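Here the chain labels run A, B and C in written order, and each chain numbers its own residues starting at 1.
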Amino acid sequence: MNAPVAAKPSTPATEASQTARVTLLQHPLLRPLAALLVLLVLDAFLVPGFFRVTIKDGHLYGSLVDILNRAAPLTLAALGMTLVIATRGIDISVGAVVALSGTVSAMLIGGTMVMHGSTPEYVANTPMALSLLAAFGVALLCGLWNGVLVAGIKLQPIVATLILMVAGRGLAQLLTDGQIVTVYYEPFFFLGSGYLFGLPFSLYVVAAVFAVTMLLVRKTALGLFIQAVGINPVAARLAGLRTATLIIFVYVFCSACAGLAGMLITSNIKSADANNAGLLLELDAILAVTLGGTSLLGGKFSLVGSMIGALIIQTLTYTIYSMGVPPEVNMVVKSIVVFVVCISQSSEFKRILRRRAA
Amino acid sequence: MSAQVNAVAKPSLTAAPWFTAAITVVLLVAMLGIGGAAYPGFLSLQVVFNLLIDNGYLVVLAVGMGFVILSGGIDLSVGAMLALSTMVAAWLLQTAHWHPAAVIVCVLLMGACFGALMGLIIHVFKLQPFIVTLAGMFLARGLCYLISTDSIAIDQPVFVALSQTQVHLFGGFLSPGAIIGLVVLLMAVWLAHFTAFGRAVYAVGGNETSAAMMGLNVGATRVAVYALSGFCAALGGLLFAVYTLSGYALHGQGTELDAIAAVVIGGTLLTGGYGYIAGALSGVLVLGAIQTLIAFDGTLSSWWTKIVIGALLFVFCVVQRVLSKKA
Amino acid sequence: MTAVTRPVLEVTGIHMQFPGVKALTNAGLRLFPGEVHTLMGQNGAGKSTLIKVLTGVYQPDDGSIVLDGRAIHPRSTQDAQNLGISTVYQEVNLCPNLSVAENIFIGRYPRRFGMVDWRTMRKQAAELLARLDVHIDVSQPLANYPLAIQQMVAIARATSVECRVLILDEPTSSLDEAEVQTLFSVLRRLREQGMAILFVTHFLDQTYAISDRITVMRNGEREGEYACAELSRLALVNKMIGAPDDSQSIEQTGDAAADGAAPSQETFLRARGLARKGALAPVDLELRRGELLGLAGLLGSGRTELARLLFGADKADAGSIDVDGKPVALANPRDAIAQGIGFCSEDRKHEGAILALSVRENIVLALQARQGIWRAIPFKRQQQLANDYVRWLGVKTASIETPIGSLSGGNQQKVLLARWLATEPRLMILDEPTRGIDVRAKQEIMDYVSSLCRKGMSILFISSELPEVLRVSDRMLVMRDRKACGEYQRGQLDESSVLHVIAGETAGEGA
């Protein structure tokens, strides 16, 4: 140890700013934001005109807009997954729910050609509102199924959601007979590719879900209860919380978000592909949540962090694509990121660091 | 003052794997019976042999997965490792022109090391197996694509010969792949029952803290079990490469789920410590029988397979859970 | 009995300090071959810490362990095992999915051509068990046998290797009477064979049934070492929970508390025949408004079990509960909370504190749970509540947003108390609220609790510290061995008579 250095006399002002700086550095969102910033800066170098946003046909165009738009389904899935992980659970069936809800909406809407004079027009097989509601309802049922398995029968979350992961996609494939179902009904495309006031409609969907979730979590006691259940379910029960109901709710919520994501995806590609829609989305969602700072062990969670995490993943995909690297490298990079994040979050790692420092 | 203590055993949780394994066998016999009654030509030895030929690789995968699940873990990367093995094998054979024996050794080693690495990360950092192996799955598939995005056809003579060989047995024929699958199964049963490693796997899966307190090296067992799973996945990949004579990054999508389903349906508890390695065979045969039944039917879409597997998984998981609650 | 005078194990001067807590101060014991030596003490006395030091789980800050004349420093349980100290734990710590024979031989299987030799294993396992006069089918899975048999298998395993000392850590907590006798017959057999056995328990009857000598621990220190035949039950109980010898025996004051009304005669809660298999024999209980009912007894007497039944944390197998004269079903904590009952658990780490949440969040949790999800308590009100209770209870915390996990044990306890007080319960069940807390904090809590009583709250107060219970209770219920064995009014009791009841002797009986 060195001899103590004479300390600079500190004034209240410097002390206050020091405390503020320390608090800022310890803010849980700092790391994800920093990671996102690094990626954006990298992109600024790699892609000329990355930050340029232009207005064409009254719509905003640009790489940034593109990233936000494509990140919408993942962001929705990540929001839902956040609450599940906060209760110490996991849901690996979100990809299957995406496929299922997309399939149901596509099949119900479809689009049969009707001639109006000499112009063909496509009419929905079932009114769009009803179809969307039906698809959403299917997603809710999936969530209820998961929730009852976990909270009622007390299966491990990974086992319980594994069942739906297998059967759900199979059901979607059965409905479409493995074929791609194309949708021809124009108004449906608005969900995934339309623009409202210059911004992609999908952003509004994400913003709405985020707003509703934030309201639920902040303005009601839901946030507090979910954290309590995730950190110490025994104590939560003894304090009078309805642990079973809470757990069922978070799985329903997660599947609901996945259902919305499925409809967005289907609308975007104008078809339902039961084989590939949402494939491996669960890993992306879990990664987004962990990147955002929520621990897989449950407890404190950050919705904003998960959104940043989803943006990081999407920006990463975009960066890799812009570098001319084959998109498959994406998977390798993602897996390495998962390893790094999980290891650095683990208490064992922190213990090893502390021992090295001592 | 001597008080002789006698006690009689009361069946409990350990009745569970016996019970669910028995159900599986009954299920298999029932399916074969129904199939035989409904469709002419179903109940022939060759149909059963075809099950083995088509699913030899899955038997090997399920064996590796069985060990992992018995130890209380799970390995979601086996499907991706299968694909990676086919890819590496195809590339080494076709582009690098290695000797097939060297290729086989190299691929098997790769699988074992990959698995061992995952096991090490799981043990040292005390992470949950599903997230580590999920990331491993991503990594393996990504590496596949790095080698090639298209499929690579294999025309190396030894592999082609293996692919076309028929081993005649009892009036039917089996492929070398099927036979290797059966041999691996027998060796695995021996490993699980007669070696310290096998018993350590059961001990760790039964009660990890107790196993550690009794002096077992839990870390070494864990690393070895995932290495074994990786090895089996690589071997399964080689069998699959022979079967399809190609290496392709899209091979084996969802195979890990099939392996897990086979293990569970074969009577092993997903929570660990209880079950039979031999159940891998009955589980795979049940899965194969479902597919064959559906194919024979002709009217049912093949997509029903996934749904039926999911339903079976559900039933078996719930039954296992209810039985363990009663204990 | 043995004529050897040298102890097999001699432990002296063990000091063990954890952050903020002195767990062991100058602790020690002596163990001779061919004896059953019981280590006794209440929770927090240091028994389990001392055992963990002996088995290598903890390394002591100071002190010596001498085994067979050689100083040893076990660094792990395997280490201790190799040195000759074998331990059997309450939870048995074997693998229930494996067979009996296999459990005995894990890690040292008999081999034949490199393979596991099952036949030899079964034969040797049966022989080992026969040495203990236990005859069972060793090929059956361990889980198929009751816990008592499983413990014998653990003992067989422990003694199958070179073993100088056998430690049994609370082995009888989950056994019934017959199983305890079976265990004891095995222990006696081992004793005859010259084994040195260290038996840890909190059950009085068992201590007197099997022990040769007893070491009593209290507050982390060795209170004393006695021959069993020379120590009366009364004296033993006194040493564990009575007032220290140098202070005067505490008597309850005859008159009611100085200020405030005497408790009303109105009954708030009545329990009849409340029982739970394996945990509590049928108990009748009556609680009046504004009265403080003390529940005295040793660890394991069923006090916490009774409290949990009253709170709905466990489901009763028999009996009924009336609140305000109307029967209620308390199937879960929510039901009890709706009736105005609050429960401060004794295991604050696992059943109380939600460590990562702040002081404020921990305080408002139960109140918020009762109000439901939709009626969130406004943030300002939460802050006000938290600040109020922090002030009233004297909680030392940097702010109300500090995570409760960084507070000391005493302050955590105060926060948990505040959680229940915030719900303004009509009955407050306090299970060991002052354990592990410094004297000043203890006083503050007890004063606050008494003042609540005078304002009309009923309190069920459980504590192992007898002087404390005597001082504050309006009425006392004494429990022993999972049954209620006496109810006393204020003024009817002095410490000595309570100790007699707990010890199982009537007053006036000698040693």
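Operating definition for what follows: a contact is a pair of C-beta atoms (placed from the backbone, for glycine too) under 8 Å apart; a residue touches a chain by one contact, two chains touch by 3 or more.
Owing to the predicted nature of the structure, the values given are computational and were not obtained by experimental measurement.
Seen from the C-alpha centroid of chain B, the farthest chain centroid is that of C.
Looking at which of A-C and A-B shares more C-beta pairs in contact, the answer is the pair A-B. In terms of their C-alpha centroids, the spacing between chain A and chain C amounts to 46 Å. Between the Cα centres of chain A and chain B there is a gap of 32 Å. Shown for chain B are the residues in touch with two or more other chains, of which there are none.
Contact residues of chain C toward chain B in the complex are 77-78, 81, 92-98, 102, 106-107, 109, 115-116, 132-137, 140-141, 143-146, 149, 152, 157, 181-182, 185-186, 188-189. Chain C meets chain A in the complex at residues 311, 313, 332-334, 337, 343, 345, 350-357, 361, 364-366, 368-377, 419. Residue ranges of chain A in contact with chain B, taken from their complex: 90, 92, 153-156, 158-160, 162-171, 173-174, 177-178, 280, 283, 286, 296, 326, 328-336, 338-339, 342-343, 346-349.
By the touch criterion given at the top, residues 74, 121, 124-128, 130-132, 134-139, 141-146, 149, 249, 254, 257, 260-261, 270-271, 301-307, 309-311, 313-314, 317-318, 321 of chain B touch chain A in their complex. The part of chain A that touches chain C in the complex is made up of residues 219-222, 224-225, 227-228, 231-232, 234-242, 299-300.
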